[in-house]
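Structures incoming, each one as structure tokens.
In the two complexes below, chain A is the common chain; its partner is chain B in one and chain C in the other.
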Partner chain A sequence: MIGTFGNSSLIIALLLNFYLLFSYSLNFFKKKNNFQKVRYLNFLVTVFVFLAFILLLWSFAISDFSNTAVYQNSHSQKPLFYKISGSWGNHEGSMVLFILILAIFSSLFSFSGVRDNLKYLTIFFQNILILFFLIFLIFTSNPFDVIRPTPAEGLGLNPILQDPLLSIHPPFLYVGYVGFSIIFSFALAGLYLEEFTKLWSKQASLWIVIAWTFLTVGIGLGSIWAYYELGWGGFWFWDPVENASLVPWLASTALLHSNITSMKTEKFFSWTALLAILTFTTSLLGTFLVRSGILNSVHAFANDPDRGLYILAVIMIISFFAFLIFILKFPKSPMPNVLIFWSRGSFILINNCFMIFFLVVVMVGTLYPIFLDALFEKSISVGPNYYNALLAPFVIVLLWFMAHGPLLEWYKFNKQSLIKAILQISFLTLVSSIIIFFYLKDFSLLLFLGVFFSIYLIIAVIIDVFKQKIISKNLARNISHFGFGILVFSIFINAYLSKEINVPIKVGQTIKQNAIEIQFKNILKSQGKNFEEIIGNFLIKDGTRAFELSPSLRKYLQPVQVTSETSIKSTLFGDYYLAINLSEFEGDKIMIRFYHKPLMLWIWISISLIIFGGLIRIFRKQNES
Partner chain B sequence: MIKKVLFILFFSLLATKFSFGNDELKNKIYKNLRCIVCQGQNVYESNSDFAVDLKKLVEKKLSNGETEQQIYDYLTSRYGEWIVMTPKLNASNAMLWVIPVGIFLIGLIIISKIIRKSKINS
Partner chain C sequence: MFSKSVQNRLKLFSVVGIIVLILVLFIQIQLSKNIVYFYSPKDIKQIQNLPKDKIRLGGIVKERSLKKIENDYSFILTDRSNDITVSYKGILPSLFVEGKSAVIEGSLKDKNFFIADTILAKHDENYMPPEVANALKKNTK
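Right, the complex of A and B next:
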């Protein structure tokens, strides 16, 4: 019953979408400027997709197992929260969410202050995207497929996905990915109407920051989840799914900055337009490559090569036409595309060069093994060492440019003030670094450079803040850059100074290693709503500090799966992290993994600062000076 | 103090190889081996029979005095390059480094053109 309504609303949305495209085209060819109809149809499409989405949520909430998607991904004994979040934890449901966000952005955009012609061409392009994905949804991944006879019970959701953070992170990630669609459509409309100008940059900037902020939140939540749920003490594994979210983030970070340059100097519009197209196409590529089954990942959804083929074809078509418009309507900047080296504009271009480099590293690392396999039947693995070794030196250099870019002006160059700034920052940084390494008692060249240049950036930002007459000026940028400095600092310290202990231990036993003492006190049993749990209580001592950690093993019943739950004590200086190994038992002993992860909390704080910068930019209409 | 730091700096430039304790080396190797029967996991993270066997093998080889590289070579000859998570520097993998660095250099050349043009104009 719900299925029929759901299906109908999707088909009505598709028909309305057709009608919108038709009605706009008619307008366009008759050169009429009456967009009222398009405006209403646009809202209606959103309403019906929203209705379908709500009906799908409803099916999951009441565990309607006549629905194939519900049957395959849910279970009646699951907590309601996970029943609902399970609706976008699978391919079909997440596609509905994807289209819903496309439509919502389209509707929101109709409220923007953009000139009518430009606005409705954007909405037209956006609805072409909606058309492609609605067809894909209805004909290859229908979320309202019916199963007969109705099964009595569902197959359940993978327990490691039953987690509050994981449940809410896909919507953020999707608002990010799909948010770039409106910038993509707006860019194509701007190019087509030859209105890719300063005004375009100004009007696009808010949308760019919105999508970018959501994407950052999504990536942040995903890595916090990976940190405590996967149980290996890491927060970033260079897994293809993680990489798929990082690529659009890098592209959009480049876009965010180049758009500022275009807005301020009226230069490099072609580059900004290219990045706007690239950001959304990489979002699409990432979202769907993950589902096509050609990538080997822990996170991948159930795969189906047919779907993969359709979607890759759609991405090809979309990108082809986007680049065609770009080439045919290549935007000319009103000002000549030239810069003096010591200017903010050229430093932003250098930032872009780094971002593209990072993007290419991540893409090549993820895709090259696939090509090698397809062309030469040669299998290789590209793991974390590749990324870390190639990226780290470049990140360090980027930090220097990032520190000085904002201190430079757009047009003028004052040599004295640059030299003064370099000396001032270098001196303060050197003093701080020496103090830090005095306490760390550990040294390697790369660690030193990473720490030195991240502090360099942090100090440069602080100096910049105090130089402003009003602290709140450029606050968004300063907070985000400050956060990035702390992020790199914490990642370097964390990567080099993490410690781990892997030992078998039995109840009552105490293990000592260096300053750490682990005492296994007792075992408790407990019962959750849909799992049984065995909890181990441990007393940890680190010098004078003593506290308890209680990692556990959970046995989920539907589907039967055992998971290991970590127990973490966070402090400002570092996390103490304990987990029980799943299946390695030696007699009456269990294997435990203990990690000391320095500055872990600061990684999350710094990501929050970066996000906070984005939020300030969204809610406070302030301009870069 | 500065002397000390300079000394450490100098020393670390010379020391290209890090010394690892036995446990650290073991974990480093585990983390660098793919669990080939799993979905995107390394041997360190996996509890599959394959991973457990491989861990025992690595431990045995280490206690026999074999080096990290010898262990990788042995496993590569048996399971293929796929098993080691760090790609080898060889001709067919060269593109992994050439493409990104090449694009970075092209970017720098473009930027330098933009800046040189501006000198002529001004």
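Right, the complex of A and C next:
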């Protein structure tokens, strides 16, 4: 019953979408400027997609197993929260969410202050995207397919996905990915109408920051989840799925900055337009990689090769036409594309080059194995060292440019003030680095450079804040840059100074390694709603600090699977991280994996600061000056 | 020979060109250093020269082959066409089960003996890495 309603609302949305495209085209060719109808149709498409989404949530909430998607991904014994979040934890549901966000952004955009012709061409392009994905949804992955006879019970959701953070991270990622669609459509409309100007940059900037902020939140939540759920002590594994979200992030970060340069200097519009297209294309590519099933990952749901091919074809068509418009309507800047080298604009563009380099590195590392497999049937994987070795040295250089860019002027160069700033910052940085390394008692060149230049950025931001007459000026940028400095600092310390202990241990036994003492106190059994649990209680001593950690093993009943739940004690200086494992060969012993991860909390704090900067920019209308 | 602006442009292009070339070279070097090839037990039987570098090996952990000798685990990895004995020092992940698929990383000692230094984690018991699934499919043909 719900299925019929759901299906109908999707089909109605598709028909309305057709009507909108038709009605706009008619207007366009008759050169009329009557957009009321398009406006209402646009809202109606959103309403019907929203209705379909609500109906799907409802089917999941009441465990309607006559629905194939519900049957395959849910179970009546699951907590309600996971039943609902399970609706986007599968291929079909996630595509409904994808289209819903496309439509919501289209509707929101109709409220923007953009001139009517430009606005409705943007909405037209956005609805072409909606068309492609609605057809894909209805014909290859319908979320309302019915099974007859109705099964009594569902197959359940992969227990590793039953986690609050993981349940909410896809919507954030999707708002990020799909949010770039409106900038993409707006860029194409701007290019087509030859209105890719200062005003375009001004009007696009808010949308860019919104999508960018959500994408950052999504990536952040995903890595927190990977940290405590996977049990390997890391937060970033250079997994293809993680890379698929990092690539659009790098592209959008470049876009965010080049757009500011275009807005301020009225130059480099072609570069900004190219980045706007690139950002959404890489978002689509990310969706394709994640959904197509060609990656070895927990995210790969779609085992049907047709789906992967269809998305690939859509990406090809969309990017082909986007680049065609870009080339035919290549935007000309009113001023020659020349900047003084020592100016803020050129430093932003240099950082753009870094972003593009990072993007190429991550893309090559992710796509090369796929190409090799497709062309020569050779399976390979690229180790994490590839990324670390290529990215770390360049990030260090990037930090220097990031520190000085905002301190320079847009149009003129003052040599004295630059030299003064370099000396001032270098001195303060050197003093703090020496203090830090004195305390760390550990040294390697790359670690030193990483620490030095991240502090360099932090100090430059602090100096910049105090130089402003009002603190709130440029607050968004300062907070995000400050956060980035702390992020790089924490990652370097964390990567170089983490410690790991792997041993079998018996109840009552105590293990000592360096300053750390682990005592296995006892073991308990408990019963959860849809799992059985064995909990180990450990007493950890590190110097004068003593506390308990209780990692556990859960055996989920539907589907049957054992997961290891980590137990983590976070402090400002570092995390103590413990996971257990059963082994039939150890008799009465349990295997433990213990990590000491310095500054882990600061990685999350710094990501929050970067996001906070984005939020300030969204809620306070204030431009870079 | 060229006008001033053409000269400047040539200079700019050559500088950018050289930087791009160097970066591509960097990527190429790091890529070749960090690539790990994947083999199935059958591939190992067929190849002439044994790979000296670190490789990945994927297949099914043969039923009743898992043993513990002092601190080392030993088990047989099979794709139903060739068996390879694996020795491993370390912790077995909880999803490592006899009769299920596994991917391990390490190096070959000879055609029948493999020393693993990592057993790669997977997310779910019934999940089969695509490489293993492909290798098994090829063999049943």
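One rule holds for everything that comes next: the second predicted complex is superposed on the first by the 615 of 625 C-alpha atoms of A that agree within 3 Å, B and C clash if a C-alpha of one lies under 4 Å from a C-alpha of the other, contacts with A are read in each partner's own complex, and residues count from 1 in each chain.
In the analysis below, a contact is a pair of C-beta atoms (placed from the backbone, for glycine too) under 8 Å apart; a residue touches a chain by one contact, two chains touch by 3 or more.
Every value quoted in this text rests on a predicted model; they were computed, and no experiment measured them.
*Asks:* Based on the superposed arrangement around chain A, label chain B with chain C as either clash or fit.
*Replies:* On the superposed model, which is not a single observed complex, chain B and chain C clash.
*Asks:* Contact-wise, after the overlay, does A:561 reach chain B, chain C, both or neither (first, second, both, neither)?
*Replies:* Touch status of A:561: second partner only.
*Asks:* Identify the partner contact of A:349: answer first if only chain B is touched, second if only chain C is, both if each is, neither if none is.
*Replies:* first
*Asks:* If we overlay the two complexes on their shared chain A, which of chain B and chain C does A:340 touch? Say first, second, both or neither.
*Replies:* first
*Asks:* For A:443, is the partner it touches chain B (first), chain C (second), both, or none of the two (neither)?
*Replies:* first
*Asks:* Is A:582 in contact with chain B, with chain C, with both, or with neither (first, second, both, neither)?
*Replies:* In the superposition, A:582 touches chain B and chain C alike.
*Asks:* After lining up the shared chain so the two structures overlap, which partner does A:466 touch, if you call chain B first and chain C second: first, second, both or neither?
*Replies:* Neither: A:466 stays clear of chain B and chain C.
*Asks:* Classify the contacts of A:158 with the two partner chains as first (chain B alone), second (chain C alone), both, or neither.
*Replies:* second
*Asks:* Touch test for A:619: chain B only (first), chain C only (second), both, or neither?
*Replies:* After superposition on chain A, A:619 lies in contact with neither partner.
*Asks:* In the superposed arrangement, which partner chain does A:434 touch: chain B (first), chain C (second), both, or neither?
*Replies:* So A:434 only meets chain B here.
*Asks:* When the two structures are laid over each other on chain A, which of chain B and chain C touches more residues of chain A?
*Replies:* B
*Asks:* Quick check on the output: what are the common chain A residues between the chain B footprint and the chain C footprint?
*Replies:* 230, 232, 296-298, 357, 360-361, 364-365, 368, 378-386, 390, 502, 581-583
*Asks:* Within their complex, state which residues of chain B touch chain A.
*Replies:* 1-2, 5, 8-9, 12-13, 18, 23, 27, 31-32, 34, 39-42, 44-45, 47, 52, 80-88, 92-93, 95-97, 99-101, 103-104, 107-108, 111, 114-115, 117-119, 121-122
*Asks:* Please give the residue numbers of chain A that touch chain B in the complex, ascending.
*Replies:* Per the touch definition, chain A meets chain B at residues 230, 232, 239-240, 296-300, 336-341, 346, 349-350, 352-354, 356-357, 360-361, 364-365, 368, 372, 376, 378-386, 390, 394, 434, 437-438, 443-445, 448, 500, 502, 581-584.
*Asks:* Which part of chain C faces chain A closely enough to touch in the complex?
*Replies:* 23, 26-27, 30-31, 33-38, 56, 68, 73, 90-95, 121, 123-127, 129-131, 134
*Asks:* Name, in rising order, each residue of chain A that touches chain C in their complex.
*Replies:* So the residues of chain A touching chain C come out as 158, 160, 230, 232, 293-294, 296-298, 357, 360-361, 364-365, 368, 378-386, 389-390, 502, 553, 559-564, 581-583, 585, 591, 593.
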